[in-house]
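Mind looking over this structure? Questions follow.
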């Protein structure tokens, strides 16, 4: 393999730049030429492809977002899109591809490999909802962003409003809510993986008040219920008049944490190693604190599960 | 004057602790005894009063919130409440009072002075909506909190959503929106002091797109319209499907900035100076970069105005 | 077991409070009484012991330092000290102890267990230099503090000074230097585990300059050489006139990151589980992303090793 | 005037980008063409000049450093350098110049104006040591960086070392030390403007210890004495064994604060206004909370003075 390319796809995540940088520098170090593809699979199909050198990825490691831009492009699920993409890659003499993104991006990587074009996936998404890795790139940064908001809200505990709700990202996965809630001492954590009963939440808040707590914070994953709707129900069932914070895309931004940059660097380098061995159809990840690769089809079949023990611990520690 | 007291009232603001610390330490330095009153005017009426020493305010300077707690207590507007408050103060031999808070708190301070109890107001509120001072304690911190969110949102500019709305605090005053919007390069800033026309906003976004901008950020003061409602109107009038961030009480928290701590320290010390001269009915502030005092009744009459030149500048610089 | 105690010992680390909170709340949840010991083993010997309740550890999770204070107390290595300590514990009816700290603290925990008093160690130190755990509490926070400094220095790349040295903590262990250097894209990383040759460093800087780099950053672990001395040698061998930053104890402070708080919470809870099973002489930790316990004597025998692959990767990625 | 240019010079400061962006966007808004000059006066002499458009300064507002690069170039003090510079400007049809920097840069601006080329200075330096403005661009950011370090050090107050020294920037001016020391509650502040007596410092530390303080922090401006030398003297005179932090260039970096960005934006816009009126030989600034301009020769004659009242207040509040 002489020439590889890298793209970022789907929702952006802090650390995507660090991963792309690692692909470029490791690739060049190993004697490869490395190309960047702008705007994900859309750019791939459109031939938005350009050569990268060592300097192209300088001053990038600490930046949020992705210098390769990203896009959602469902049309890549079609045979036509995939063939067009491979055609573009061949036009540039590119023999292997690294795709940084989430679930949807992995499907694209899988499809390209099945059509004979070796492609490796790197898990880049703040949601931590991908199998085959204990952590996705961007999760740690998003977590600390939420935690910072949570800490700030706690500071105002002394004003008259006593209950606060933070709506965080997570359509199908509750990791951001769970980890930030545990780290921030939230009184209740609402995640897609566990049903919640409003009466129990209210009882919990009542108990806290009874033992002298001056305030309560509830973290709600957006996939379960919106923060505003949760507040409405809480007012109805429990006479709590909560203030709502909706962080939204703030969670996708920011300079990546040390953990995310190191993870991204290691995964990017490993992806290059795999392509040099001509191995596609794999997703790299960190499992049991080791950099690994897994069959991307298997990864797509499995479902990321939330840590039940941590969920219970969060309940115990915020009594 | 031998003995003074300090309380915080209304919505809390970062730097209230720094101001209270300054009152305590400056007071003791000058040979006074200083008492703290918990829970604002409510605590005053209830006699929630305790002596403070140098150590009571150690390790506080950098903390958000207020160690004296705060409360809203509209009942203090009554003659009964005020007389009860003065009775409590006299019971403890206290001869002067410092009130840290916003507009509502100033009314309390004015009333006490009119009834013969010398009281000085310190402007502590994130909204920067008090006259007699160019800046209120907490404004600079809140501003930087909003700006941090705005910067993070800008990082994700490359994903497919192009328009973002941040709803910030400000019921009647647009300073948080204006300053954060100018500092963050927002494409539009919606404040209570200026009517907005949705068609103009849409035109502005269109122009930005036309000249190559990849994204737009709009800062909306909550007093004008909610972020969600603004998004609805934007979708209706302009086919922009914006993502909304509602920061809420995150803006009240956090460790105070250097500016807020220095301002708080200087204002707290000046308030003590005034009480030692037996001067009540005043509000301290910073005007033209100098620590000043103004008649609190006059301050309550005037309305804080937004800087028109800065508002226009924000429009010019985000073309 | 009815009654346990917790102390922090040695150099403090962000997250110690989170760990102590977890011990207290998990203990009370399980029906135990939990005592806090101030000033580590010194306070243990002096009987500086007091009961803690749920509220004692409120508002602590996000705080740096340790509310139980810490102390270095080499005298605890003596039989006399240990017997006195056990006597004090028995006086309070305490049957099990949790010690949060580093290597030295583990020796104390081991000694107490050998004398029949069940004691469990929790790894709390920023240096990440303890065996039996992949990460110590405080490491992630320290890392991000160093990284923040490194990023800021990179910002000034454009001024005329081209070479910067950051001296970071790490007497015998290079993990802080290695991880921050990799995450921050440092051009050279000097750690105790690998000899460095100044000529190679100079050659590396020269190469970077030649390919267009505008600046270089070198991270130096204090255990190898001081930042100033390194700068002197660099000037002598390479005509580079570097500016030096010495972060010092800044690295020990700050609000713990999400990772450190979650780790601390999980380890604290596990330590209580072990004591409830009457198991002492163990050190808890995280290995392969799982919470584990190891024989503390074994842990003390093993040496934490630095990740050679990461070290090499840092070299590759900063070309 | 149809065409203007902007350069940054001297040590870089956070907010320089924001100022340059304002010059560019305001200029274009007013119908001018705006050119950027790389590497300050050095680049001016070398003709390192290129046209800027609205997009050239996109995504810059929040970045530290300066995208125009900077350089120290003492040779610009010569007639030859200045004439060469003007020749280059004329070659590009440029009729007015904005110089962002400190004292040295102002001398260049003054010289150009005296030779008939209208030049306006904008105060960009973290030291806050320029007359004609109450605040320089970058000062507020540097201050908060120092304060963050100071807060982190305070967190570790409980470990056995009790005294900490932070060496901060400030060759001839103590503003960074004074403001950060006041904001951070430092027990002693050493600035160039006031002689210090080690015996007094020691006495102050002794008193603090006596009243129960667990630690002391001393902020030292580098222009007076190095942190290490101060520590040596403190050990000799007072038996205090202090730990030293040297922040160095960390203070120059980081994303500018809201205050610095707003100030930079306003000053940049005003500089363009002045050039459009064909007025050179001026330095813009903020005085008494208003944007002003002063004769640059007068500004260079005056000396920035430190606020004596604030210095005394810092002493009072850290008892």
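Note that the chains are named A, B, C and D in the order they appear, and that numbering of residues resets to 1 at the start of each chain.
Following the convention adopted for this analysis, a residue touches a chain if its C-beta (ideal position, glycine included) is under 8 Å from a C-beta of that chain, and two chains touch if they have at least 3 such contacts.
None of the values given here were measured: they were computed from a predicted structure.
The set of chains touching subunit A and also touching subunit C is empty.
Of all chains, the one whose CA centroid is most distant from that of subunit B is C. Distance between subunit A and subunit B, defined via averaged C-alpha coordinates, is recorded as 36 Å. One simple way to say how far apart two chains are is to compare their mean CA positions; for subunit B and subunit C this gives 39 Å.
Counting only residues that touch two or more partner chains, subunit C has 151, 154, 157. Interchain contacts close the chains into one ring where each touches exactly two others, per the touch definition above.
Chains touching one another, given as pairs, are A-B, A-C, B-D, C-D. Within the complex formed with subunit C, the residues of subunit A that make contact are 21-22, 25-26, 28-29, 54-55, 58-59, 61-62, 134, 140, 143-144, 147, 151, 154, 157, 179-180, 182-185, 211-213, 255, 257-259, 261-262, 265-266, 269, 287-290, 310, 313, 316-319.
Remark: subunit D residues 11-12, 14, 63-66, 69-72, 145, 149, 151-161, 164, 243-254 touch subunit C in the complex.
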